[in-house]
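Per-chain residue numbering starts at 1, and chain names A, B and C are given in the order in which the chains are listed.
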Amino acid sequence: MAKDITAIEVTDLNLNYGTTHTLKNISMRIKSHSVTAFIGPSGCGKSTFLRCLNRMNDFIPSASVSGSVMIDGRDIYAPGVDVIELRKKVGMVFQKPNPFPMSIYDNVAFGPRIHGVKDRTILDGVVESSLRGSALWDEVKDKLHSPANGLSGGQQQRLCIARTIATEPEVVLMDEPTSALDPMATAKIEELCRQLKEKYTVVIVTHNMQQAARISDDTAFFLMGDLIEFGPTDRIFTSPEDKKTGDYITGRFG
Amino acid sequence: MNEKTPGAVITAIASVSLVIMVFLLYFLLQEGLPALREVSIRELILGFDWYPTEEPPALGMAPLIVGSLSVTALSALIAIPLSIAIAVFLSEVAPTWVQEVLKPALELLGFLPSIVLGFLGMVVLAPWLQESFDLLSGLNLLNASVLMGAMIIPIVASLAEESFQAVPRELRDASFALGATRWETIRKVVFPAALPGLLSASLLGIMRALGETMVVLMAAGGAALVPVSIFDPVRPLTSAIAAEMGETPVGSTHYHALFFAGLILLAMTLGINLISMWIEKKGKERWMA
Amino acid sequence: MSRKYVDRLASAVLWTSAATLVIVLLSVMAYILANGAEAISWEFLTQPPRDSMTKGGISTPIIGTFQLVLVSMTFAVPVGIATGIFFAEYASAGIFTTMLRLCVRCLAGVPSVVYGLFGLSLFVIFLRFGSCLLSAGLTLGCLALPLIITASETALLAVPQDFRLASYALGAGKWQTVKKVVLPAAMPTILTGAILSVGRVAGETAPIIFTGAAFFAPNVAKSLFQEVMALPYHIMVLATAGTHIEQTRPIQYGTVLVLLMVVMGVSSVGIIARARLRRKRK
């Protein structure tokens, strides 16, 4: 296992919303084929930081970013970067399951189709392998052409994961993917995260510290736009170096 | 103080709408149906001769009905694609400052009195058409349809914009995160999701065009003929009613026939209204699922 | 890179269609302004038409339009607000409410010329008002009613539920709560709705042609049972029915400009006021 290859290298990243300094001098190295968790109280900037990694913040006109985010040796904020290619490489799963109002099959095939795959046999293959990859195949294989909205919340979220991995990304970003789900569905997604790192680099934002402890290899703690502490999860949860991290983990605030 | 009284009074006043609707139907039927005593329904609807003041009068409304339908169809053809383009622009493409200017402007345009459009059709568009295409008169189907298009663009565009806005933000995010371009997101995600709303918006625009009077009265040319080209004059149902009612003796066959024309209009617009309501309901149910 | 090319092309097409609309709109406005401004003078606004309407001003149609608006709103505003209160506060799910909702929606779609037929048979003939200010005003009122109902209901529903609960907690009854708490909170929004319906009513022609609009009236109507001149109908008369259509063009342009200023002025006030209220709520 090539555990120590860098997937994403962030250097001195700053983000301003208008005059609000939302992210302050963030630098970190996210390891390839690992699960990295971002924790911190709400409003600390962890979701905003996640969205910097596939440039989803581009849609907020007042947001301005400085610093660099290197993925595959290229700065994704350099001029001339193809955002479309970037987002194909860095997929994202959102807080609330957001399947398109189409069939299960069309949801998963959406990405490959817009990226030019027309051949039915290839699409069938991608749909099956992606749904297997998100542990949903057995539940939906007989109703691939029924509407995705008919699935349960947990199934919808796994469908969204399948939809994301169908474009064969290198990185999968997850923005509090279980916050809208019940404990059973959450357990399934967590299990899935551990499997996903075999093939992808997973970065997950969570408000649930137990979740971070259960599934992640590395953990980053954010507070008011600052990256307070970043390191192996076992160490962060057992012997945090910063007092604020300790206070948050032991539930003294947040 | 008795708490029941105000509620009863409010309910009683609220029934006024019901009363108006009932009276409206009652009077149109009462004044319209007697036309059938003297002319068969077949001749009234399918007859091709509309000479209401001849003796005996010829009261075939087919040219009027075809007139209404042709202006409506042509104006819908002009206005609906443009309206949807404007709605897509406003909802998905325009920067905020453009939205803030254009949305109220579009709404204001919806208040433009139809008489003003009809007037422009007579004094500006008609002479221009006449010269450009070497016609006998510029007051024709095309002229009225262009103006009618302008009339319904604000209605269709505003409603269409609302249905684009009703598409959840999360769906766009999901599409962008998969690497779709803005146009792909619009075409493959936003547009299909908004489709019921767009259909309903278009139908309401068509309903408005069918019932609009002043534009066709002034710009359509007024000849009760079935048009064979877009440069032929037409006389839609609404303009026949508005032009002829004033000079018709109350209670004459012609008078009843004009009320019958009103009934046809009412039936068509109510039908479209009900269909659009049904589509809106279906659309909402789809989101709930 | 063809996907990006398509994306840019689509944006260009969308920008172009919006720009075309704006340009056409602005040039039409400029054209009317340029042609109408010449006709407008103090005399034009304050004198009645003279010499078979080929000279003089348009004071009688201006005042007639205001009278029509006044009569229609006197009917439509109270009834519309009461109906809005019914839907927002009193209506229980049932056949009556469903029917009433259906009626309001259908009335909103009835063609204006059909309202004219309705006004002719109910007010002019059946109730024997004759062709007059009252008949025409009430006909316009019926046309405006669905607009005011919808605006009122929306405004009332936007009043936070907490207000009602707080009032009930103080021991107020339902009507007291509606009258003292909910209605005052919703009133500004309801009034902007009413203003917008004035904009719609003032420009309507078809419903008044055979219910009360006069081809020509020497004086302003002094009672509800006299016919009135109205700006939109005056334009139609001068442009289509006069014997001096070409000669009176300047008067026609002037009248169009005055009507536009009245209608667009009132509507802009409504639109701006509503935008302000919405912003305040946020």
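Everything below uses one rule, namely that contacts are C-beta pairs under 8 Å (C-beta built on N, C-alpha and C of every residue); 3 or more make two chains touch, one makes a residue touch a chain.
The structure presented is a predicted model; accordingly, all values stated were derived computationally and were not measured.
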item	value
Central chain of the complex, centres being mean CA coordinates	B
Of all other chains, the one whose Cα centre sits farthest from subunit B	A
Between subunit B and subunit A, distance of the C-alpha-averaged centres to the nearest whole Å	49
Inter-centroid spacing, subunit C versus subunit A (mean Cα positions, whole Å)	53
Euclidean distance of C-alpha centroids - subunit B vs subunit C, Å	17
Touching two or more other chains - residue numbers and ranges from subunit C	3-4
Where subunit A touches two or more other chains, by residue	84, 114
Sites on subunit B at which at least two other chains make contact	181, 184
In the complex, subunit B residues that touch subunit A	95-96, 168, 170-171, 173-181, 184, 188-189, 192-193, 286-287, 289
In the complex with subunit B, residue positions of subunit A that touch it	54, 56, 59, 61, 84-88, 91-92, 94, 96, 98-102, 110-111, 114-115, 147, 149-150, 160, 163-164, 167
In the complex, subunit C residues that touch subunit B	3-4, 6-7, 10-11, 13-15, 17-18, 21-22, 25, 28, 31-32, 78-79, 82-83, 85-87, 89-90, 99-100, 103-107, 109-114, 116-118, 120-122, 125-126, 142, 145-146, 149, 173-175, 178-179, 196, 199-200, 202-206, 209-210, 232, 235-236, 239-240, 249, 252, 256, 259-260, 263-264, 267-268, 271-272, 275
Contact footprint of subunit C on subunit B as seen in their complex	1, 3, 6-7, 9-11, 13-18, 20-21, 23-24, 27-28, 30-31, 82, 85-86, 88-90, 93-94, 98, 102, 104-105, 107-109, 111-116, 118-120, 122-124, 153, 181-184, 186, 204, 207, 210-214, 217-218, 238, 241-242, 245-246, 250, 258-259, 262, 265-266, 269-270, 272-274, 277
